[in-house]
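Look at the two complexes coming up: chain A is in both, with chain B in one and chain C in the other.
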Partner chain A sequence: MFKLLEGPQTLGRGKLFWSCVLAVLAGALVYPLFADSYDVGNFAYFLIWIFMALGLCLMWGYGGMLSFGQTLFFGIAGYGYGVLAINMGGGTATIAALVLSVALAMIAAGILGYFMIWGGINGIFFGIVTLSATLVLAFFLGQTAGPEWHIGPARLNGFNGMKGMDPLTVGDFYIEGSALYYVMIALIVIVYLALRMLVNSGIGNVIAATRENPQRAEMLGYDVRKYQLLTFVIGSGLAGLSGALYTSWGQFITPSSIGLPAAAMPIVWVAFSGRSDLTATLVGSFLLLFGFQTITVYSQQAALVLMGALLLATVMLAPQGFVLGIGKLVADRWRGRRRDDGTVMAEAGRLQSEES
Partner chain B sequence: MSAEVFSLFYQFADVFAFLILSAAGLAIVFGMMGVINMAHGEFIMCGAYVTVGLVNLGVPLAISQILAALTAGLIGVLVEFLVVRRFYKRPLDSLLATWGLSLIVTQSMLLIVGSAVRGIGTPEGSFAIGGYTFSTYRLVLFGCAVAVLVALYIIFMKTRFGVIARATMQNAAMAKALGARTGRIYAISFGIGAGLAGLCGALYAPTMTLIPTMGATFVVESFVTVVIGGANVLLGTAPAAVFLAMIRMALNASYGQIIGQIGMLVAVILIVRVLPEGLSSVLARRGR
Partner chain C sequence: MALVEVKGVSKRFGGLTAVSDVDLTVNAGEVHCLIGPNGAGKSTLFKLIVGLYPPSQGSILFDRVDITAERPYARVQRGMSIKMQAPSVFKELPVRQNIQIALQDRVSGAERISEEDRLLTLLNLTADSEKLAGALSHGQQQWLEIGMALALKPQLLLLDEPTAGMSPEETFKTGELVKSFNAEGMTVLVVEHDMAFVRQVAQRVTVLHLGKIFAHGDLESILQDENVAEIYLGKTHAH
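Right, the complex of A and B next:
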């Protein structure tokens, strides 16, 4: 089973790669011992979004489905966690709220995905239908300010957002600060390794085959719609996980984390990083989130302008993603196959065009 | 009795005009080039801002609106030349590129202009039928929507440009081989699309608050109309708008705007399951 951690669908193999992974992991584990608790909380905040990025990477890079609806499922699970945590009364029940809210997002993805995939929607329209659904949810939640909009004791509160839910709790112990940070690290390791195994397994190969040529995959006897739906549900469920964790982290959520421009953010992270590889997405998304947060402190608009410019630059200059391109360049050099810069660049370009 | 009938028509016309005006530009660009312009909402915003800016300078409203549509159209040609042109072979990347553009424009506007601009009031004027009072401007909008459809029909069916444009749409390589300058056709089509978006913003500018993110209020309607309508503006977008306007009108009247919007989206998702290629493919098939 662990053989599936490496394979044709993922970059990085061998002792060197895994020692690097372990070194990064070890660094991440000892980090809270040196940093102050505010920075650790901030780091946990970046890590929240990684699941959403990995989910989009699976759908878009591996499955060939460009979903603009990551924040839709983020919002469903985020609000779902809030409503459930308030209604079930905090405590250890919050863990159940987390699981149920992610399940809720996956069910919603299953329903929406069924109609789109069985309806034969693909390519551009897949994006704009998911985006339309996302915006409608944001508009809907935006006008729920009145007291009549409540589910049990949980008020939705319109643009001001829902608040008052408990964070994740085990018994009397609130999972906050560095405890939350360690939970995030553990979840990311699990999700990252599980996704690597998934894409290198038989199912993953069918998913990739569907992306390459749906008709051919169908002729080979696979019901591509089922594989697409599976990919969509898993990817959207990961967005849901981000949403539920986000609500738990800040104990509040607003419609603005669903609508524009929030809906564009996962697209920017994954496009910039390189959608065709999980590791590139993981690294690139983290770097972008870090940079974005640093600039947001001064001006949120400027940070968003930069994100837009990055997206534009990515599709114009490096359609396969910057992090992936640089990663391949470094990997080529490391192997000692030193050549002129020009040939290495050409080689990297050739590798990329083969993959596209 | 006639007052009730007119009231129904008025509500229908209001939604229909909104759908047609917001979707026409998007549908033209999609129909011609297969590109969905994610910055569509920003062209609408541009039209609205130019209109309000000119009116505040003392230019009459109607002239400001025409100038605003022209401005948006010119910017559209420029954007096509600088960005969109590179992506005709990669439609998904065109989606991302124009979305990047949209982010840049919206957030820069927020930085430069700030969140709200002094608006202009809806033109006065109302008339009464039976016990109901109606705003004249809403009917003007309906008239504009119909005029846009008629103008598009004339441009694409009756002019030389229209013949070449339709030839390019059917088979770009063949049209090019026969001497059509497809690059120029694409640029002009994108310009027309952007200009229509600008017109939409210009026409609705007096009726709403001006904020840089106002484009988002139009995009859902324009997206779903194009999804249902498919690639043909006249055979697709117009019937799609009639159909969606009926659903929307019924739901708006009994449950309010937001339920109307949700109902419209649900209807679209259900229809897509049955007619993946949109209404225009069905109509085109029956026409043959």
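Right, the complex of A and C next:
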């Protein structure tokens, strides 16, 4: 099973790659010991969004489906977590609220995906329909300010957003600060490895085949619609995981986290990073989020303009993504150097044998 | 025994009738060629059998089961395998992975790797197995697609102009490949323009003209049919 961690669908293999992964993981694990609690909380916040980016990478890069609906499912799970956590009374029930809210996002993705995929919607229209559904939810939630908009004791509160839910809790222990950070690290490791195994498996082969040539894939006996739906549900479920964790982290959620500017962000992260590789998406999204947050401290408008400029630069200069491009360049150089070393060693061996 | 039965099938596109009330039987174990001049409706009939088009009327049976309403993947799962007219491979994936995708549902583990190697050798693609399929020549892509179709071990192999764009040597080699599959018991239905290829492989031939069956029979009788020569082959080619 662990053989699937490496394969033709993912960059990075061998001892050197996994040593680097372990080194980064070790650095991430000791980071809270040296950083102040504000920075640790901030890092946990960046990590929340990585799931959404990985989900889009799976759908767009591997499955060929450009979904503009990541924040739709982020919002469904985010609001879902709030409603469930408030109605279930907080405490350890928040863990159940997290699981159920992600399941809710996946069910919603299953329903929307079924109608789109079985209805033959693909290409640019897939993006248009998912964006439309996202905007419908954002506008709907924006007009829920009145007291009549509530589910049990949970008020939706329109543009002011929903608040008052507990963070993730086990017994009396609130999962916040460093604890939340470690939960994020563990979840990212699990999701990243699971996705690597998925895309390098037989199912991943069919997902890639469907992206490349859906008719040919069907001519090999695969019902490509089922594979597309599976990809869409998993990718959207990961956006839902981001949404539920976000609500738990901040104990609030507003419609602005679903609307158009928010919906465009995952596209920028994944396009800039390199949509066709999970590692590139993970690294690139984290770097962009870090940069965005740093610039936002000075000017939110400047940060948004920078994101737009990055998207333009990606489309015009590196359509496959900057991080992926740099990664491939480094890998090629490394392989080239090893080849050269091998040639030198072979030549030395030949001379030695001639001398003897 | 009939493996494929096309019964009274028509296909209309608006006011145009591309295939009109066609009856066709492909027997198990034969190489059956579907020929005809441009616009005769060959490719449309092929797509009807494959399931890419739903017929306007009529029915299609495979191994005595009505498959008229089934999608292409379901027909493939029943034992059909298809090679389309234009090379249709996964261009951004390596050659070996193309074969692997076709094989993975049938065999796994070491057996799959050995079957991949066998097919790559058969198709003369071993040296190119790590290349992206899109980097292969046109003829090699045609063979790769034939290999993917063969990987399914089908009862019926459907080939739409398998030699399009191939050199005479490649065409001959493809013909020999088709004959070798047939010798192992595979039924083959070929839509083809190249009469040299048809002569090389066909056991029975159906001629389509203006969307209707114009003639059918064994290869010799079709080649000697003056009417067929008139509409399609050209008298000088008939003998």
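Note that the second predicted complex is superposed on the first by the 335 of 356 C-alpha atoms of A that agree within 3 Å, B and C clash if a C-alpha of one lies under 4 Å from a C-alpha of the other, contacts with A are read in each partner's own complex, and residues count from 1 in each chain.
Assume a residue touches a chain if its C-beta (ideal position, glycine included) is under 8 Å from a C-beta of that chain, and two chains touch if they have at least 3 such contacts.
What you are looking at is a predicted structure, and each value in this text was computed from that prediction instead of being measured.
Q: If chain A is used to align the two complexes, do chain B and chain C fit next to each other or clash?
A: Verdict on chain A: chain B and chain C fit.
Q: Could you look at A:312 and tell me whether it touches chain B, chain C, both or neither (first, second, both, neither)?
A: first
Q: A:135 in the overlay: touching chain B, chain C, both, or neither? Say first, second, both or neither.
A: first
Q: Mind working out whether A:121 is in touch with chain B, chain C, both or neither, as first, second, both or neither?
A: First partner only, chain B.
Q: Based on the superposed arrangement, let me know which partner A:297 touches: chain B (first), chain C (second), both, or neither?
A: neither
Q: Which partner, once the models are overlaid, touches more of chain A's residues, chain C or chain B?
A: Partner touching more chain A residues in the overlay: B.
Q: If we overlay the two complexes on their shared chain A, which of chain B and chain C does A:259 touch? Say first, second, both or neither.
A: After superposition on chain A, A:259 lies in contact with chain B alone.
Q: With both complexes overlaid on chain A, does A:223 touch chain B (first), chain C (second), both or neither?
A: A:223 contacts chain C only, not chain B.
Q: Pick one for A:33: touches chain B only (first), chain C only (second), both, or neither.
A: neither
Q: Which value in Å is the smallest Cα separation between chain B and chain C when the structures are fitted on chain A?
A: Scanning every C-alpha pair, the shortest chain B to chain C distance is 6 Å.
Q: So which positions on chain A get touched by both chain B and chain C?
A: Comparing the two interfaces on chain A, one with chain B and one with chain C, no residues are shared.
Q: Would you mind writing out the residues of chain C in touch with chain A in their complex?
A: Touch list, chain C to chain A: 50, 52, 71-74, 76-77, 81-82, 84, 88-94, 97, 100-102, 104-105, 145, 148-149, 152.
Q: If you look only at chain A, which of its residues touch chain C in the complex?
A: Listed in rising order, the residues of chain A that touch chain C are 8, 202, 205-206, 208-209, 212-213, 215-224.
Q: Taking the complex as given, what residues does chain A use to touch chain B?
A: Listed in rising order, the residues of chain A that touch chain B are 66, 112, 115-116, 118-121, 123-125, 127-129, 131-133, 135-136, 139-140, 143, 259-261, 264, 267-268, 271, 299, 301-302, 304-305, 307-316, 319.
Q: Note which residues of chain B are touching chain A in the complex, please.
A: 34, 36, 83, 86-87, 90-93, 95-97, 99-104, 106-108, 110-111, 213, 216, 219-220, 223-224, 226-227, 258, 261-262, 265, 268-270, 272-274, 276
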